[in-house]
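Take a look at the structures below.
Each of the next two complexes has subunit A plus one other chain: subunit B in the first, subunit C in the second.
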Partner chain A sequence: MNTFHQIVWLGRRSLLFTLRQPVQIVPSIFFPLMFLVVIAAGGDRASTIPGFPAESYFAFALGGAFVQGTMLSGVNSGSKLAYDIETGFLDRLVLTPVGSGSILIGHMIGSLAVSLIQLFTFLAAGLIGGVHIAAGVPGILVMFALALAVSIAFSALGVIVGVRTGSSEAVQSAFPLFFILLIFSSYMLPRNLMEADWFRWFATANPASYLIEGIRSLVITGWDLGALAAGFGTAAGVAALTLTGAAVSLRRKAVWS
Partner chain B sequence: MSIETHGLVRDFKEVRAVDGIDLMVEPGEIYGFLGPNGAGKSTTVLMLTTLLPPTKGEARVGGFDVTIYGARVRKLIGVALQDVALDVNMTGREHMLLQGALHGLSKHDASSRGSELLSRVGLSEAADRRVGGYSGGMKRRLDLALALVHHPSILFLDEPTTGLDVQSRQALWGEVRALARAEGATVFLTTQYLEEADALCDRVGIIHRGKIVAEGTPASLKAEVGRPSVVATPVDDADRPEIERVLKRYGEVYDDEPAIGVRLAPEKELTDVVRALDRKKLKVADLALHQPSLDDVFLAKTGLHLEGAGEEKPEEA
Partner chain C sequence: MKAYLDSVRAVTRRNLVNAIRNPALTVQPALGPIVFLVAFGGGLSAFGDIPGFDFPSGYTSFQFVFILMQAGVFNGVFLGITLARDLESGFARRLMLAIEHRTAMVVGYVLAGAVRSLLMFAILFGVGLAAGMQIDGSAWHMLALFTFPLLLSIVGSLFASGIALRFQTVQAAPLMFMPSFMLLFLSPLLVPFDLLSGWIKAVARFNPVTYFLEAGRGFISGRPHDTLLAYALGAGMVAVFSVWAVRSLKRAEAAG
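Presenting the complex of A and B:
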């Protein structure tokens, strides 16, 4: 059996796991959506600040919801793998001739499926909320590509936490860390309008800002190649790091000979 | 040799869970690893199945060194670990298909092999139900079926009947026997049940505190311990010293509260004891003849009964 078939079968299992456990999907869609609605309602007047880049705060914040959703998928991904460690299912997989790379990719397919559902939902919410996607239909495709790259990066990060802790509860408790990463980014305000220097410094150093700004640019600006390059570059860099970390962690955990 | 180890050791920080085990298991043999909880049985299985690296020593499975040729070992073996590893969201049939596919079977072959094994372990009717709704016995049987998907030549079963009712336990014994006899598979099973080791295994290794303290066929091990015992329970506790004096004439006496036992000396029989007690008009509430069991072997080798011996040290893995 080749690696492709192994991945297909493991991906099928990952999808079944996700689809048969609505709790894997609903909160990761509902929470970012609710958060988006709340901050959009509370921050709507921010759009009147001189230099604010969007006409509507809802459109401005939409990109943040995309990234927040993919972060939650990452937490779920790690939690799912930790569950496989807790139940011994990972040992079952390891005892077959399947490679650890196939286990990793197959495992992440379920998380990517959740991310896709999230993206369609957030996009639909944006369109219903009157958001006009400045980059048009091609922009939506690019937005999905970037969001899925972000999803891969965070899913792999979740896998690292899952493998290292081996506890689904520990992975869930890592959620506040993801949330902090989001809060100290340009999710709620453009970096150039941040008054406190320390906050602006944090947001500039925070990779989440570039991921959000990349997606946001397609919604509110159109084709901002600089923002897109920074977004894709950051996603690729983070994904390369986290995927390598996840592959190494999984291999060390699962197969030593 | 199907399984061979020399001086196998596994340490967990300060604790030595497996302490220099030497094993030789022949092809087609059912080898039982008998010991209490925490004796090192599961740790040994984890090392032999490539899931845990040994700290020291050598282990070969199917002729391959587990520390070097892990992937080749994994192709040869089927494993059912102590905790059944199933996905509660998948059905029994989906498990079989996944396991078959990951072992390189085509969809058609995985499907037919899956159906055959599900029927063999009595799960045909439940095959399309999610495993979350299975009983403990059904999960165990599915776990065993999954271990057999790829026709392994060596099967590791870690406490396969723990938690099973008598009927399920005997069905599983039958299945294991059939595998070894009809298909020539080597079976290495761990157990803490004396009757399981006695009824099922060609040879038994008794493990205590990480060391093998006795090894042989169940019959030879019991023969080593010696002759049967007679256990007498006095009606009146005041007769106890006198009963003990009488029993001493027939062998080595031991206390077995509320009874008194005597390991019969050569050429002494139960009837001799009965006559002697009768002559002295000593009344007993119960008088029983005990053939040596594997528990007696364990007792003779460790000074402990198998039941309860595991409470001294927790199992590390």
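Presenting the complex of A and C:
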């Protein structure tokens, strides 16, 4: 079996595993969607703050929901891998000629599928909520591309945590850390309106801000090449680091097994 | 009566000793509210610039009241998770066999939750002061303010204990968290009630947490209002969820 076939079979398994368990899908769609709807409704008047960049707070917050959802579903893939370790499946798998790259990519296919379902759901919620995507249909495609890049980057991070800990509970207990990463970003307010210097500094140093601002620019501004370059550059940088880390972790796991 | 009180004291003491010996039980519920206080108070202060936002004590104080309510509710829910864990391990079942009046067990857990909440409120108060929170109310106003999250902590404990007793597993935790999360977030969290609009205003109007928040914000700004309504709602919720917890206990007893 060549590498392509290995990826297809492992990807199929990951996809079926994910789709057969609504508990894998529903929370990572429901929580960001609920957070978006509630925060957007409660913070609706924020659009009247002098200097606020959008006419609707819902449109402003939509990009954050995209990143939150894809981040969560990405990390969730680590919990699936940890489950495979707990049940001994991964140990048996690494005894076969299947490469660690195939295992990694195969695992990500399930989380990418969840991310796609999320993206369509959030987009539908946005459109129902009256959001107009400033960059039009091509912008939606670019939004999806950036969001899927985020999903890949954080899937790999989930794989690292899953392989290192071997515990799905440990992966899930890392979720609040990602929520903190989002809360201390430009998810809820643009950086130029943050009045506390320390918070603005933290949000500027936080990669999640650039991922959110890249997607947000397509929703509220149109084609802002600077924001898109920062978004894709950050996603590529994080993905390069986490994919390398995930590949190394899986290879070490194979050697120990 | 003495036997009942002894049972309550023993269960409360055991829970508090557990919390001291296992600091994660105290630290974990406190982390969320602290993060929210720092993030919302510090990062979202521009919400205070919204035209019509009339809260002279500042946005950190405005958010502090919400964070207290959140801490109260979530601490109550974590107490329910502790009970669920004790039921799962069989400890609570042995406890139910050992004590004469089993409601004393629930009262003991709820009391322990209330004491843990008070400790958490003190920590949050310190964090709030460090974050530059402005207090315009008197010492009495502040004491009165803390009664609202305490009431919510008791309500949260009773609600979560009921879930724990019915399902007897930690896996029921999402059933405890979800309604609590909804109750908290469908309230005037980011702006005062008068600045809400659309469907959230209609929902928030029927959400008791709204009245706790409004009354609590009145206390911290030294301009108390709608306090009687908030206390009446709190008393009503304690009564309703006490019945819920006792009925759940009966169901657990019937299930053996």
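Convention: the second predicted complex is superposed on the first by the 254 of 257 C-alpha atoms of A that agree within 3 Å, B and C clash if a C-alpha of one lies under 4 Å from a C-alpha of the other, contacts with A are read in each partner's own complex, and residues count from 1 in each chain.
Assume a residue touches a chain if its C-beta (ideal position, glycine included) is under 8 Å from a C-beta of that chain, and two chains touch if they have at least 3 such contacts.
This is a predicted model, so every value here is computed, not measured.
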Q.
On the A-aligned overlay, A:L189 touches which partner chain: subunit B = first, subunit C = second, or both, or neither?
A. second
Q: Would you check which partner chain A:G88 touches, where first means subunit B only, second means subunit C only, and both and neither mean what they say?
A: first
(Q) By the touch definition at the top of the document, which applies to A:A203: first (subunit B), second (subunit C), both, or neither? (A) second
Q) When the two structures are overlaid on chain A, which partner does A:R45 contact: first (subunit B), second (subunit C), both, or neither? A) second
Q: Kindly classify A:H5 by the partners it touches after superposition: subunit B alone (first), subunit C alone (second), both, or neither?
A: first
Q. Once the shared chain is lined up, is A:P53 touching subunit B (first), subunit C (second), both, or neither of them?
A. neither
Q. For subunit A, which residues are in contact with subunit B within the complex?
A. 1, 5-6, 9-10, 12-13, 16-17, 20-21, 87-89, 91-98, 255-257
Q: Please name which positions on subunit C make contact with subunit A in the complex.
A: 31-32, 35-36, 39, 42-47, 49-53, 182, 185-186, 188-191, 195-200
Q) What residues of subunit B sit close enough to touch subunit A in their complex? A) 49-51, 53, 66-71, 74-75, 77, 79, 81, 83-87, 89-90, 94, 97-99, 101-105, 130, 146
Q.
Which residues of subunit A touch subunit C once you look at their complex with the stated criterion?
A. 34-35, 38-39, 41-46, 48-50, 176, 180, 183-184, 188-189, 193-196, 198-199, 203
